[in-house]
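Two complexes come next, and they have one chain in common, chain A, joined by chain B in the first and chain C in the second.
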Partner chain A sequence: MTNENNSLAEKKTPPIYPVKTKVQVSIIFFVILGIYLFSMFWTQKEMVGGFSGAFENMFTVMEKFFPPNFGVIGAIWGPLVETIQMAIIATTIAAILTVPLAVLAARNVTTFKPLYYTTRTVLNILRTIPDLVLAVIFVGLFGIGLFPGILALVVFSLGILAKLISETIEAVDMNPLEAMRASGGNVYQVIWYALVPQVLPQFTSLVLYVFEINIRASVVLGFVGAGGIGLILNQQLGFYNYPNAMMIIVLIFAVVIIIEYISTKLREALI
Partner chain B sequence: MIEFKDVSLVYPNGTEGLKKINTTIKDGEFVVIVGLSGAGKSTFIRSINRLVTPTSGSLQVDGEDILNYRSGNLRKLRTKVGMIFQNYNLVKRSNVLKNVLAGRLGHTGTLRSILNLYKKEDISLAYESLKRVNIDEKIYNRADELSGGQQQRVSIARVLTQKPKYILADEPVASLDPPTSHQVMTYLKKINKEDNITTIVNLHFIDMAMEYADRIIGMRAGEVVFDGPVSEVSEKTFEEIYGRSIREDDLRGGADES
Partner chain C sequence: METYSLPPKPKNSLYKKLKMIIITLLVIALYVWTFVSIDIDWGRAIERAANNFQRVIPKLFSPDWTATGEVALSMLETVFIAFAGSLMAAILAVPLAFLAAHNMMGGKIFSTIGKWILSAVRAFPDLILAILFVVAVGPNAFAGVLAIAIGSTGMLGKMFSEIIESIDMEVVQAMEANGANKIQILFYAVMPQIIPEFLSFAIYRFEVDIRASSILGIVGAGGIGTMIIFASNNRNWNEMGTILLAIIIVVTIIDFASSRIRNKIV
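After this line comes the complex of A and B, so read on.
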């Protein structure tokens, strides 16, 4: 009896993963490793002067940045606030527009297939356009200022938010929705009573997260003419006024850290 | 009164859920549908509030054929037919009161319900319903803080708040232990008698069917294979319905414990 068991165990110890999976994972691993090695080699070859030249250059430039000019704080405060406002307005508009889009892009709620696929496709296309490109396009269309920046951020955030939230909606418990429908609720009541409570914490958390991204993105967008502190920073760098530029960088750094800290704490409290 | 006339239902994948069902359920009856898993019990019950739509025949509720109902009529139908589910189907993150008030959705305008502007009567009705199933002290608890039996009682309170004429219960005790199962069935039976609400319950436990039903409908493979008062039912009837001999797990047991 014992003998029989032993020989059975020897013959039939199954691998934890199927052989096919093992082979697939190994192939993927080696392909990725290959890509890494290749690109490392390539960058080395393209970097004329190598690292030592870069370091030398860096120090001479860095010296010019110090000390930062504290005198400009008063003057740059306005554009900095503008940048934050740009992120707040853009995130708010995106959060509102996301709601219908996310619902339409959720397979479990939008059962009408063509509508679902159309929304999905539009969102996928939106997400392929980098925020900088959006800003360049809108600055071209509407001229330099905050408006094209806000527009770029709205479109950019919509792509991320609607996709992530539609996935949250697809993961909800459908049972309460059925119960609401069975008790005579209409579509809006079903969504409001059974869907919203399940999605709301995740929704708020994602909106805050996108807000963090937008704060940083709005600085960068200023470089291409979308207003705010980025525009000023770009100008100061253009005038070779490095102490002013340094002050702006320090200020942005502080603001980003503070906002991220608050936002992270809020998100922790939500989930 | 609910009248099935030659009602058949073929699912899109070709499965025949119901095959030429003919039966009448009179007002105030407490009917238990029994049958093995896959016999068509859920399909039968869900046809009555049109969560599924039969593909042929006529199904009348209070003298009106409900099979061609569209959104407006459907809402009205569902407002007078309450439903209880195996998994309670509460919104887990919402509190008990809010879950119970959802029973008023069919009676409440969209704007009013979205702004939480329930009428005073509705709120006191919700509270009364919770009292009737003895769970009023949990009114502000989140639904997921309650045990399975308590959640099912909340879902009964939700149906009561709906003030329905009919109650459909799809395997309401399948996820509960024996004493809690009897408690839930006792509440359903009590409501049926006190409010004269016609009640149709799907069960696969033979002993519970015998204890609570006035009338038993047996289903097998989408067909009604038995229909009669409990007094006419014996173990042999069940063996005919199930197409096999009765086993231990066909019984819930624990009637004396509750």
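After this line comes the complex of A and C, so read on.
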């Protein structure tokens, strides 16, 4: 009964999507599928044993990794703390440096166009460079250690933070600022009583967000010699000492989860 | 003449003041601990920088054009890794997102489980996943694809589930009231509301994944990262300049294209 009704209804109602859209969507779908299949072919061509072999491998590897060696916690505690400290320092420095940059990259504050476009372009280029590439360059420049790692994190997070905060500044309600200026507030009063209260909660929230990103980035910086726990992880992998490596990975996992949880709670409380 | 006075300031309760003081003290303690216990060898870093500056910086800005072909090929592989990875992630994320969205699976237990799975997956940095997959499938580009796929699933799933939670449930209720079954509700009430934003986020993730996949080679998972690590080990900064240029150009083009497409979709 219902079937008949449905088919009748279908005949009367026009199709939801016009034919042109359908053709377009199908073409896009097949192009994407084509690129996907080609990428899969390309990326798997160097693989020995093919896909099925890989799956069996995965289980044997998991056996190698487990159980993690709990004995090494004491030895890796120091580098782990160092990693977190790197992220804290880098985030703080980036948060301070970002203020002038964000103001320069905000359209409603920087009315001088060439300056605005220059800052924007520099920030855009900065954001295209992955953090580890920055770390590689800084390690080449300053030698192995914590300092190049911190520097890489600062530069990397500066790009993200300045962009996000400049967008916050652009979204500010300009009316309070005008009202203050009209009633005779000077520049500092206008900034302190009209701009800062509007931007500060967002600013803090974004800084915490970037701190999360920095924590995740800092654990791998050691792979290129830029300090932190990544260095130890890389060594242990080099020795094929998988239980130790797994312990480090588990510890990183726990730290990231805990910090992310705290940061999310703080950000929820702020906004 | 009248005198104007400011309105009285809102009084903070003792509890609030105490809370502020405690938070401030905690932050100060955190910073003192950080800056006291970190040890950076400033002398060595500055000395090194003075020695290396001429050797590194000018060379970065004079790229080695003979390596262009090789760099272009590696960059292409990077793009393929990112593409295959993000597409896999976009597909994997859909069921997880439905599981994690509290308005889809009746019962809070499912959505809590889904959210836990997603945040657990998200906690692994891409490079760590790449290490695991390199050990599993060998040092090749496919390990990179798998790392990107799993790494992106966490973030995409979270975004997708937030989109699902924000849909207009009245449409769903109206269809339910008219006697539509689950499949019909899914196709006619839920999907039209979520597909544009799903696509937009998947494309955005592709942007992020291009950056992520360009460094996976550092642990042997294919792409241009392999060349980065060779160039850095050989102190071949001219080649590093070429690689940097390739990354900047490709990422910029893809960011631009992606934001155009996303503006069109949503």
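To be clear about the criterion, the second predicted complex is superposed on the first by the 218 of 271 C-alpha atoms of A that agree within 3 Å, B and C clash if a C-alpha of one lies under 4 Å from a C-alpha of the other, contacts with A are read in each partner's own complex, and residues count from 1 in each chain.
The definition used in the following text is that contacts are C-beta pairs under 8 Å (C-beta built on N, C-alpha and C of every residue); 3 or more make two chains touch, one makes a residue touch a chain.
All values reported here derive from a predicted model rather than from experimental measurement.
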{"item": "Partner chain(s) touched by A:Ile129 [first = chain B, second = chain C, both, neither]", "value": "second"}
{"item": "Touched partner set for A:Ile249, first chain B, second chain C, both or neither", "value": "second"}
{"item": "Contacts of A:Gly185 with chain B and chain C, given as first, second, both or neither", "value": "first"}
{"item": "Contacts of A:Asn57 with chain B and chain C, given as first, second, both or neither", "value": "second"}
{"item": "Which superposed partner A:Thr121 touches (first chain B, second chain C, both, neither)", "value": "neither"}
{"item": "First (chain B), second (chain C), both or neither touched by A:Ile137", "value": "second"}
{"item": "Touched partner set for A:Asn175, first chain B, second chain C, both or neither", "value": "first"}
{"item": "Partner with the higher number of touched chain A residues, chain C or chain B", "value": "C"}
{"item": "Contacts of A:Thr21 with chain B and chain C, given as first, second, both or neither", "value": "neither"}
{"item": "Chain B to chain A touching residues, read off their complex", "value": "49, 51, 71, 75-79, 81-83, 85, 87-94, 98, 102-103, 105-108, 110, 113-114, 155, 158-159, 162"}
{"item": "Chain A residues within the chain B interface of the complex", "value": "173, 175-176, 178-186, 188-189, 192-194, 197-198, 201"}
{"item": "In the complex with chain A, residue positions of chain C that touch it", "value": "30-31, 34-35, 37-42, 44-45, 48-49, 52-53, 56-57, 60, 77, 80-81, 83-84, 87, 119-120, 122-125, 127-128, 131-132, 135-138, 140-142, 144-145, 211-212, 214-215, 218-219, 222, 225, 228-229, 232, 235, 237, 240, 243-244, 247-248, 251-252, 255"}
{"item": "Touch list for chain A against partner chain C, complex", "value": "32, 35-36, 38-40, 42-44, 46-48, 54, 57-58, 61-62, 64-65, 81-82, 85-86, 88-89, 92, 124-125, 128-133, 136-137, 139-143, 145-148, 150, 216-217, 219-220, 223-224, 233, 237, 242, 245, 249, 252-253, 256-257, 260"}
